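Take a look at the structures listed below.
Next, two complexes with chain A in common: one pairs it with chain B, the other with chain C.
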Partner chain A sequence: MAKAQFTNGQIISMVAVFLLGTTILISPGQNLGKYAYLSILLAFGLFLLMLGFYYLLANLEPKKSIFALNEMAFGKILGTLINIFYLIYFFVLTVLVVANFVNFINTTILIRTPDMVTSSLLVAVVAYSVRAGLKPLAELSVLVLILTAVTVVSVTLMITEIFNLAHFLPLIPSDWNAILDNTFTVFAFPFGELIIFLGFLGVLGKPDKVFKNVSKGSFLALIMMLLVVFRNTLVLGDFLPMTTYPSFETARLINIAQVITRAEVFIALNFIFNGFIKASITFYSLCRGLKETFRLKSYKHLVLPIGALVALNAHLSFPTIIQNIYFNVEFYRYYAIIPQVILVLLTYLVLLFKKRSAAK
Partner chain B sequence: MSRTIRLLLLLILILTGCYDRVDLNELEIVVGIGLDVTEDGKIKATVQVLNPSSLTNGNSDSEPFAQIESVAESFTEAVRYANLYSPNRLYYPHNRLIIFSEEFAKTHGTHHVIDWVMRTEEPREDLFILITSGEASDVLGTRFPTGPIPSFEITQIVLTSYVNSVSTVTTAFNYAKNLASNIPITVFGRIEKTTETNGEMITYSGGALIEKHHFLDYLTETETKGFNWLTGQYKTGLVVTRTKNTEDQFTFEIVRNNSKVSPVLKDGKLTFEVKTEVSGRIIKMKSSKSLLDPNAWPGYLQVIEEGIKSDMKAAIDKAHTTGDFLGLGDLVKRKFPNYWRDNEEAWEKIWPTASFTFDIHIAIHGVGKINRFM
Partner chain C sequence: MNYLFVLVVFTLLFLMDFKELQQANLNEKIVYGILLLAALTYAMFFEARFTTNSIVTVIARIVGLIRGISLPPQFY
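Take a look at the complex of A and B:
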């Protein structure tokens, strides 16, 4: 079978849709209200720095994934242990994305449907697509990105009537500690999560081409994320931190001449597509990681049992959005910083040291 | 996977959608809610629902709407228990308005109703919230000669109230946003039912002040106009006044306007600048002669300005006695956050000492399609 080729557009779309995945619904830095955009910009700055390190790491061994690089850097035993840590993180991330998806559906659309039904159906579709490989997901991402952009722009245009610029006042925040604290959270979710791509970077192509497109996709996601955050702030003002799903709430307020209303369905559809792509990418990376770490021939037979574990964990660990938010704010950012920053830097430094020593 | 298993899986996906179906004819579509207090202090929720069969069959024997009443200790129970008296499930996404009786707003408070609207998935956040001094159920059940469903007619009255700007339009979302912004007083629209010789009438004018969660006081039409000017919500309306020298009565129709209040802090002293730009036309004058003399127009401008200013002052005077319902604290909080931090606690004592300056520009942009008076 010929190796799948990924076009620039597909990589850009995958990255943008992945970053927008859940943030299209749950605004990053939401509890900061009008200052959320500052946290997003600062977190993006940090992310660009990390992306530089990811690039340097990928360039050391262009065809290898983070799992192979860990083994190269730390040896078989320690490398495997670090890989298992990564695999647990990838698993937790997949569970979080699925839980976000299920919580949203069960809060706003299918109130009386048991969450296990929603999560099982989602995981079944995700597992099916992951079995088919990354290429169909990349192709679908292009369409989803276009749909997302159209939805974001059209919802924004339809709600301009109730924009209130005063919602941004005062422009200069008084509590910079809160902004810096939230920057940390926003970096961990969603920007730092792009580490998932290091699990299958070699599949996408050469590092130069991939990182060029990853940067473009990230900038595209940033622009759309800021547009969503600005729009939600202009509409909701101080009510924003009180809402669970600000974009959904904003779209519910669209009322053009009592005729065009109930536009929130577009936000819901958007989230379902984005959430599906994000869950599939994290799940794909998890399955590939298991295959590499445990030297399996194929990951395909793992898809269903791991999928069942994901659905079960989403149901048990995050039965409501409150547990999800609590976990994100209180634990996730401290936990995620280890694989997203610390271990990556460590792997890079050790590999660099080893390479230089070998060259001498 | 065999074809049979695939087909079965597909059927599971397709057919499970039917298990929890609710057909349209099994729903009672709620279009309005009225909230009153019973004699023993309980909550009476009146839910107005559509009777589609009356509308479609032209069956004049049955009313096109029905009102279901339910009494309970709390609002959520009252709304829920209304289902006990309905053959079908009550369905709220098409609800247009909630009318509170003054008694309800005084004793039970309005916040838990808005909490229900904002929290649950069925009611719309942009539904109108109104207050009446009488029985809310009575207002809700008013028959209109213009249409069969009272809630729809009341909604239209609210939507067209911009023509006079003597009332205010508040949605559940506006109120929720005010509560989130710690704005102490929200102004609700006031609706009253009166019985005249030629039948029942609904008037929608003035406003009602809700201090956080409870009823505080009413606003007159003039005070409401002033409130609309000072909060940028004035749309169109009339200024009926007299010229200074000749005492001729004339009417000015406001077509466009832009009004804004800005706090100014100078040497630690707080003042408020009101800047208003108004454009309109003269639509009634005692004689055509005075209308055709543009040299007399500056005199008209002055009295129009005074008319608008007196509306604004009426609202400010009212705020001095009831509390800051003009959102002045919110303006200061956004423009001078440090000053606000130091003075937030004493705000209700500080702001009444602040003076107001008025900068009102009037432009007469015409006299309409004819230039004589009939």
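Take a look at the complex of A and C:
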């Protein structure tokens, strides 16, 4: 079977859609209100630094995934243990994406539908797409990115009449500690989650090409993220931290001559598509990780049992949206920092040391 | 009735994978068996109200323990 080739556009789209996945609805740094953009910019700076390390790590052994690199760096036993830690993180991330999706559907659209039904249906679709491989997902993500960009821009244009620039005043924040604290949260979600791509880097192509496109995709995601945050702040102002889904609430206020109203459905559709792509990419990376760690020929027959575990965990994770937000703010970042930063740096340093000692 | 439903769902999942499993090696069959049995057991425990924990809850508990945060009872 010929190896799938990924175009630059497909990699850029996948990265952008992955980063925008849940953030299109749940604004990063939302509790900072009008200063959320500052924490997003700072977190993006941190992310670029980490992306540099990811690039250096990938360049040490091109075409190898993070799982293979861990085994090379730490040996078979410790490497497998670290890989299992990564697999748990990838599993948790898939569960969180599905849980966010289920929370949103059950809070705003299908209020009386049991969440088990929503999560099972989503996971079934995601599992089906993961069995088909990464190529169809990459092709779909181009379309989803265009759809997302059109929605973000058109919703922003439709709501300009109620923009209030005074919502940004005072321009200079008084509490920089809160901003720095939030930077940590915004880095962990969504920027640091891009570590998922290290799970199947070899599939996408050479590190040079991939990382060039990953940077382009993340810049594109940053621009759209900032556009969403600025729009929501200009419309909602001080109410921004009090809303659960600011983009959804903003789009609800669109009213053009009593004809164009209820535009929030576009935001919901956007989230559904982006969430689907994000869940599929995390699920795919998890399956590939299992394949590499346990040296299997194929991952395809693992998809359904893992899917069942994801659906059950997503159902039990957050009975309400408040638990979801509480988890993201108080717990997630402390857990995610281990695979996103600490272990990656450790793997890079050990591999670098081993390479240099071998060269001497 | 609910337990029967869970069993039927997991049997269907198994039957969907059966063709591919026949071509799989022992290693693959073992990993598949562990995952399917884990999912089935978890589903049964969930149905019996024996567990309300998920992996996310477990992580929250561990991080909470390390950070010295006691989770509010209405949360978990």
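Basically, the second predicted complex is superposed on the first by the 360 of 360 C-alpha atoms of A that agree within 3 Å, B and C clash if a C-alpha of one lies under 4 Å from a C-alpha of the other, contacts with A are read in each partner's own complex, and residues count from 1 in each chain.
We take it that contacts are C-beta pairs under 8 Å (C-beta built on N, C-alpha and C of every residue); 3 or more make two chains touch, one makes a residue touch a chain.
It should be emphasised that the depicted structure is a prediction, and the values quoted were computed from it without experimental measurement.
J.: Is A:111 in contact with chain B, with chain C, with both, or with neither (first, second, both, neither)?
T.: It touches chain B, and chain C stays clear.
J.: More residues of chain A are touched by which chain, chain B or chain C?
T.: After superposition, C is the partner touching more of chain A.
J.: Tell me the contact category for A:356 with respect to chain B and chain C: first, second, both or neither.
T.: The answer is neither, since A:356 touches no partner chain.
J.: Given the touch rule stated above, what does A:76 touch, chain B (first), chain C (second), both, or neither?
T.: Neither: A:76 stays clear of chain B and chain C.
J.: Of the partners chain B and chain C, which touch A:170 in the superposed model: first, second, both, neither?
T.: first
J.: Give one of first, second, both or neither to describe whether A:300 is in contact with chain B, with chain C, with both, or with none.
T.: A:300: touches chain C, not chain B.
J.: Quick one: in the complex, what on chain A touches chain B?
T.: Going by the criterion above, the answer is residues 107-109, 111-113, 121, 166, 169-170, 174, 236-239, 241-242, 249, 252-253, 255, 258, 261-262.
J.: In their shared complex, at which residues does chain A touch chain C?
T.: Residue list for chain A touching chain C: 88, 91-92, 95-96, 99, 290, 294-298, 300-302, 304-306, 308-309, 312-318, 322-323, 326-327, 330-331, 334-335.
J.: Could you please specify the touching residues of chain C with respect to chain A in the complex?
T.: Those residues of chain C that touch chain A are 9-10, 13, 16-17, 20-21, 24-25, 27-28, 31-32, 35-36, 38-40, 42-43, 46, 51-57, 59-60, 62-64, 66-67, 69, 75-76.
J.: Note which residues of chain B are touching chain A in the complex, please.
T.: On the chain B side, the touching residues are 13, 20, 93, 121, 124-126, 159, 173, 176-177, 180-182, 334-335, 337-338, 341.
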